[in-house]
Each structure stands twice: as structure tokens, then as C-alpha cells.
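Structures follow.
Two complexes are shown next, each including chain A; its partner changes from chain B in the first to chain C in the second.
Entry: the complex of A and B
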């Protein structure tokens, strides 16, 4: 195939498609967490990228200092970082209830600066390698391309967690409470449900999703203090494109935009960093509330 | 009661005007004597950032629009001005004008797309656009990527004002700063500013009164981009370079911090805030990344306990408007 003056081989095309799907997995998990938190707390969690980074670092520490391997990290890191998130909610965000949501954004922005600054102080800007677990090394030969096992795993794991989250929120009783509390917290409280605790746990859960993405990313991108700041602007664009109203919308948009970004790397590499933002501009022009969003 | 009600507002207005005049004279006097006590380059840098913060404050303070991507205007204007002065050999005032024009155009395009969303959506959209501008600046050949544009000539403004003389440059930057400051003040105190405040307080009511609120918000956004561009272009001449830092996300965050610390919705808050943040960067430079941590802590403290900022708190104590 020949496009824009350079020849594109099939392995290159599928290779970039795969990288796109991987990035899409991270976008989907992160924008899903943002959407869950936004639905319940009405704030945009600017510290989301920082928690993603902390998730990767937690996996690294668990391996270095306690010898707990990747599989433990996959469970423990989201729990630990999620608990940190819950504490942050109780200590700081709770105090901003009733103020303009912009203050929540500014507060989490400050938190992101603190977290990132601290990690940069202790670990510098360079990355630390995190080995792929030995069960997931190697590659499958799919006939038209080689699929590294770990990359296939990331896509599957992320899709499964996204689907489970959607299931919990849309199809279980707990999810029904959550959605009800989003619509009318006072009424739900009157029914005897502890809404403040639910808010704290929701924030913790959204943060845990980010940490989970961080653990998945650790063997692929290296563990770096700047890894969260690099991804957060794209995730914001993904959220704007998908619209904040829909859980399924944010998952789909995440995966699709990752793939679009991957394809752009093949066909017009110069634009691969900006393509998501250009799509955002076009979507805003046509549908200001996003593809899946409800009118404000 | 009626008589009192009709007298009091005009009384406070004339008091406000008196306080405003005194504050302005004090600021001019401080700018005039500052270079005898501090490094002039530092003051000029602070004035550029103060103007940048005033531009940002016009949006957050009077239209309740939080732009988290304002560095795109500062940075783009700096690049265009630096390029015009160095490669095209334009004299400084025309180079600044070109930078401001580029910033205004960018403000119009991004503003037209972003302004239809409000609140946090608006903030997220501005983050995304500024990141896009950042990547374009990384890739575009004229910005020279990581190196930036170095050694920008200061030249002779309008052909006869020699800006390479540090004293003349200081006066030039002071005049630019005071001009921009007065433009923002005038805009806020004009009927246009009153409509902005009405939209901030209750947009549906402003719409029902017949105002096209989107157009007013867009006008405020473009005006803010113009002032931010003026700050950026002037900064490029002062520091004789334009670099990726100017368009970076951290710069967008810093201008929020300046305005928040000084006091959102006050005229002098952004100026004081800029002075504090720029000093922090200068004097704490040897602590490296700790500056980021300290900035983050100031952010958190301001949001939790100190939402009116320094000038806002002082003005509330003295029951005046600054």
C-alpha cells in the first residue's frame, strides 16, 4: 500500500493498530474513572493522571521491597491507591461540597502538582523498567502478525474491567443506588443510605481504576513520574469527545480514539500527537455535548 | 429609605474610584522605584507575568470561565514575535503587534469552539487545545523544537527607541504593562463588563433580557487572548527568547496559581500573585522540583481556606474594592 509518499507494510499497519488498542485501553480505563467520579461528585479529577502514575509506582515498590509479583500488584495497587484516593476525598474534597465545582478541579490540580513534584524529587525524570510477568512473555503467531502475549492481555484485562464496571453501575442494586444518589442525594439519604460514604467509595473506586491502568502500563511504558501528566490532556479530550453523561460512551470513545491515533501514526505520523485534539474540535463543532453526552 | 438607596451606590462608587486611583498611583510609583532595589530583569519578567495573570483574571474573575490552557496565547505570541523580530527583522512594536494578532486569531478559533460549553467542560477543552498547540510548537520548524528561538534582537521600537538600552527597555515594558492593565480595568468597568458580570451571576436571566451571552463571552475570551499575547510577545523581547516552556501546561497552571493567590476578580490580585509566584521561582530555583510541590501546596491551601486570595481578603477587611 502506498499513501502520502511512503509505503505501508501490513506488519507496520497491524503493529500500530495494536499499539493504538493498547493506548485505547488506558484511555478507556482512565476516562471511565473520570466519568464515574464526575457522575457522583460533580468534579473533574485533575489528579487522575497522578494516581495512574502512583498505581505504576505501587507495582514497582511491591516488587522491589516486598517481592510481591505482578499478579499481586494488579490487585493490591488499585486497593492501596484507591484507599489513598478515599482519604483524599475525606480530607480535602469533602470540604468543597456546595462550592463551585471549579474549586474541586483546582484542588485536584494542586494535588497533582504535589504528587508529581514529590515523585520527581525522589526518582528524577527517567523511567524504571518493570519486567513483563513470565507467564505473559512471548508472542502468538496470528498468521498475519505476531501478537506479544502481554499486549493481548492488557487489551483483554482492560476491556473486562471496563465491562464489569459498566455492569455494576447499570445492572446491580448497588449501581442503582449510585445512579439514584447522582440524581438526588437528599432523597437517597432519606431512604437511609449513607451517601457520604458512597461518595468516598466512588472516588476511591475511580482512583483504583486509574491505578489498575497504571499497573497494566508499567511493563509497557516504564515507570516514570511524568507518565500521568503526559496522558491526562488526551484523556480529557477523550472525555469531551465522548461526553460525560455515559459510562459506555467513555469506554467506547477511549478504545476508538486509541485506534485512530495508532492509524494516524501509520498514515500521517506528524499528526499523531494532535489527531485526538483535532477530532475534539470537530465534535465540539457538531455536537457540543459530546457524542454520547446529554444536554447540560 | 429611597433617598438613601439612591445616594449610597454613587457614594461607594466615588469611593471605589478614589481608592482605585490611589492604588494605581502607588503601583506606578513602585514600578518607578523598583529597579533601584531589585534586579530590573526580574521586575520586567514579573510585569509580563502580571499582565498575563490580568488577562486570565478577566475570564475567571468576571465571566467565571476557568481557562486551563492560557499558556497557548502567551507562548504562541512569544514565538511569533520572536520569529518576526529575528528572522524577518521587524522592529519591536510591529513584531509585538504580529504576536498579538496571532494570539487573537487563536483565541477566536478556540474560543468559538470552547465557549459553548461552560464550567469544567470549558476548562477541559482549554486544556486539550493548549496541549494541541504545544504539540504543534514541538513539531513546527519555525519554533526550533527543544532549542526554542534564542537571541531575539530587541531592536529600535518605531525605529528610534533603542530597547537594547536596559533603562529604555524597562520604561517600555512598564508602559506596555500599565496600558494592558488599564485596558482590562476599563473593560471590566464598562457596560460590557457589567454584562459579563450579569452573565456570571445568572446566564439564563441575561439571555432572557436579550443579551447574546455567547458573543459576550467570546469577546471576553478574545480580549483575554489579546492581553495574554501582549504579555507573551513583550516577554519574548525582554528575555530575548521564546521556548516550549511558554506554551507548556505548567505555565497554564502557574497563571491560575498567580490569580488564585492574589485574588480572583480583583484588579491588583493577579499583579501581587504574579510577583509572589515569579519570586518563588527565582529564589527557590535551587530547590528544583520542590518548587512544584510548594506550588501545589499553595494551591490546595488557597482553595481550602483562602478562596478570596490576598487582595480579596484585604479588600474585604477594609471594605473597599481593589
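Entry: the complex of A and C
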């Protein structure tokens, strides 16, 4: 196949599709966390990239200092970083309830810069390697291409966690509390439900999703202080395209845009870093609330 | 059928469940309540009357803790509520049905109905009882909360708070904007709840509706109680009431 002067081979096409799906896995997990947080707290969580990076670092520390392996990190890192998020909500974000969402955005943006600066100061800019767990090394031969086992795992794990989160929010009693409190927190409190605690836990959960993505990413990208800042701009574009606060929208948009990015790398590599932002601009012009968003 | 749904409960005579003294409340800087005194006894239906802006809704919201800036005393079941948060007040056994009904449009009717947690070990009305009181709700269970008519919304809003097990209900203008036939149904429901031993504090503009249901009345003006009387004294008060309420 020949397009824009490039010769495209099948392995190249499928290879980029796979990379696109993997990037999409991270976009989906991160934008899902942002959507959950925005829905409940009305806060655009700019610190999300920093928590993603902290998730990867937590995995690294767990291995270095306690010997707990990847599988432990997959559970413990989201718990630890989620708890850090809950503390941040209680100490800082709680005080901004009722203010313009812009204040939350500025506060979390500042937090992200501080956290990233501290990590950069202590660990430098270069990455620390994190080995792929031995159960997930190697590759499958699919005939038309080789699929590294770890990459396949990332896609599966991300899809499973995204689906479970959607299920909890849309199909359970706990999710009904969340949706109701998003609409009218005062009325939910008047039923005897401790909404402020629910808000704290929701923020912690959104942060835990970012930390989970960080652990998944550690063997692929290495553990670097800048890893969050690199990905977060694209994730925010994904959230804008999908529509702020839409759970299903953020998941689907995450995966689809990862694939679109991958395909652009095949057909027109020069645009691969900007295609998401071009789509964002078009969506903002045609449908400012996003593809899945509801009018405010 | 609906009439037989709830067994009559014995009522301890003259036991005060709610005692409000010197209640003052503010919305931001505006001082709305200037010392409200009222009491509600167990098993009573008590109605707050008054013109728009007299402070009736604010009184309910201040009791519930929804209006946060408040002083004075609100004693419920022998315990002070001033200083408690909304959810803790609710857990003491008070349920509030707001004027705007507050049906969650992103939830189905079923999710709305079963949303409130049971705050009391006993007393939560079973789904069967609720459907006996509000047969229309059963057919609408899978509808979205935003798709209901005004009357259905009001029925759902009342049904929902009966699920909590609270025995003290505050209903803010349950008949507002509803057709006469629906108002009649709501009236029968309130009478039914009273027979079952619920205590009800009502805010109502529809004087005829309130006069058939209430044991006692409090009249509000400018954030104060200006008159209080029993249903038996109603006839003698009509002239003064017309003046106070502008009806």
C-alpha cells in the first residue's frame, strides 16, 4: 500500500494499531478518573498526571524497598496513592467547594507542578527501569504479527477496570448514590447519607485509577518524574472530545483516540502528535459539550 | 385498598416530638427567620401557613440543617439538632420532601424509590405498602426520573421518604401545581399516614387542603410565628386568617 509517499506494510499497520490500543488503554483509564472526579466534585483535576506518575513510583519503591512485586504493586499502589488523593481532597479541595471550578483547576495545577518538581529534584529527569513481570514476558505469534504478552495484558487489564468502574457507577446502589449526589448533593444528605465522605472517597478512587495506570505503564515507559506531564495534555484533549463527566464517553473516546493516533502514525506520521488536538478543535467548534457530553 | 394498607398505630397523647425555640436563620447575609417557636406532638399533622416569603420553607430547611447558618434551639426526640449536619439530622429520624420534589433525573424511578438508606431498624415501609398507596408508581418503575408528570413526581417524592423508616415527615407544599384529582390522592395519602401514626409538619398554600388534614396550625409572617390554633378554632379565625394570608 502506498499513501502520502510512504510504503505501508501489514506488520507496520498492525504494529501501530497495537501501540494505538495501548496508548488508548492509558487515555481511557486516565480520562475515566478525570470524568469520575469532575462529575462529583466539579473539579478539573490537573494533578491527575502527577498521581499517575506517583503510581509508577510507588510500584518502583515497593519493589526496591519491600521486595513486593508487580502484582502487589497493582493492588497496593492505587490504594496508597488513592489515600494520598483522599488526604489532598480533605486538606485542600474541600475548601474550594462552592467556588468557581477554575479555583480547583488552578490548585490542582499548582499541586502537579510541586509534586513533579519534588520528584525531579530527588530522582532526576531520566527514567528508572521497571522490569516486566516474568509471567508476562515473551510474545504471541499471531501469524500476521508478534503480540508482546505484556502489551496484550495492558489492554485487557485497562478494559476490565474501565468496564468494572462503569458497571459500579451505572448499575449498583453505590453508583446510584454517586449519580444522585452529582445531581443534588443536599437532597442525598437529607436522606442521611454522608455526602462529604463520599466526595472524598470518589476523589481517592479517581486518583487510584490514575495510579493503576501508572503501574501498568511502568514496565513500558520506565519510571520517570515527567511521565505524567507527557501524557496529561493528550488526556485532557480526550476528555474534552468525549465530554466532561461522561463515564462511558471517556472510556470509548480514550480507546478510539489511541487507535486514531496509531493509524495516523501509519498513514501520515507528521500529524501523529497533533491529530488528537485537531480533533479536539473540530469537536469544540461543532459540539462544545463533547461527543458524549450533556449540555450544562 | 390503599385505605387498608396501613394498620392504625396507637399514639401516645401529647408527647412533644419536635420543639423549636427562638429559631433564627440566615441565607448569606439576609436574616430570614427572627425567632420561630413551634412544637409538634407525636401523631399530629401540623401546618405552617403564611404568605410567600413568610419563612415557611426556610423553617423546614433550618430544622433539617439545609440552611446552615442558624441559631436557637431545635429539639427532636429529646435531643438538640442545632449544630448537627444534614445527614446526621436525617439519621435522627426526620425526612424532608422539598417543594421542588428533587427527583433525580439521572436515576430511574426504581432507583429513586430505593435510594434512601433505612435509617431506622423498623418502620421502613415495604415496597408492597408503597405500591398500595401509589399504584401508578409500580407501572413507572423503569422510567427515567425526569420523565414523570408533576403528580407522579410528588408521589415518588413522598414514597421515597417513607422508605427511610423516619416517623417524622416534613412536606413542603405537596399540592403545588397539581390537578385537583391528584391533590385528592395526596390528601388521602397524608390522612393514611397520620392514621398509621406518622407525625407530619406540613407547609401548604392550599388552605382547603390543609384545613381537612391538620390538627393544628401556625401562622407565619416576616420570619415569626404570629398565631397558633387548633383545627376546632378554625371557624372563629377565618376573618383574621383571610387578612394574614391574603386569601
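Criterion: the second predicted complex is superposed on the first by the 295 of 296 C-alpha atoms of A that agree within 3 Å, B and C clash if a C-alpha of one lies under 4 Å from a C-alpha of the other, contacts with A are read in each partner's own complex, and residues count from 1 in each chain.
In this section, a contact is a pair of C-beta atoms (placed from the backbone, for glycine too) under 8 Å apart; a residue touches a chain by one contact, two chains touch by 3 or more.
This is a predicted model, so every value here is computed, not measured.
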Message = Applying the document's definition of touch, where does A:113 land relative to chain B and chain C: first, second, both, or neither?
response = first
Task = For A:236, decide between first (touching chain B), second (touching chain C), both and neither.
result = first
Request  = Return first, second, both or neither, reflecting whether A:187 touches chain B, chain C, both chains, or no partner chain.
outcome  = second
Query = In the superposed arrangement, does A:92 touch chain B (first), chain C (second), both or neither?
reply = first
Ask   = Now for A:207: first (chain B), second (chain C), both, or neither, which partner does it touch?
value = neither
Request  = Scan A:177 for contacts with chain B and chain C and give back first, second, both or neither.
outcome  = second
Message = Taking the superposition on A as described, I'd like to know which of chain B and chain C A:37 touches: first, second, both or neither.
response = neither
Ask   = What is the contact status of A:62 with respect to chain B (first) and chain C (second): first, second, both, or neither?
value = neither
Inquiry  = Just to be sure I follow: which residues of chain A are touched by chain B in one complex and then by chain C in the other one?
reply    = none
Message = Under the definition above, what is the set of chain C residues touching chain A in their complex?
response = 64, 66, 85-88, 90-91, 95-96, 98, 102, 104-107, 111-112, 114-117, 119, 161, 164
Remark   = Contacts from chain A onto chain C in the complex sit at residues 173, 176-177, 179-180, 182-184, 186-195
Touching residues (chain side chain A, partner chain B) in the complex = 38, 43-44, 92, 95-96, 99-103, 105-107, 109-118, 120-121, 229, 232-234, 236-237, 239-240, 244, 270, 273-274, 276-278, 280-281, 284-285, 288-289, 296
Key: Contact set on chain B toward chain A in their complex   = 64, 66, 68, 113-114, 116-121, 123-125, 127-132, 135-136, 138-139, 249, 253, 256, 260, 288-293, 295-300, 302-304, 307
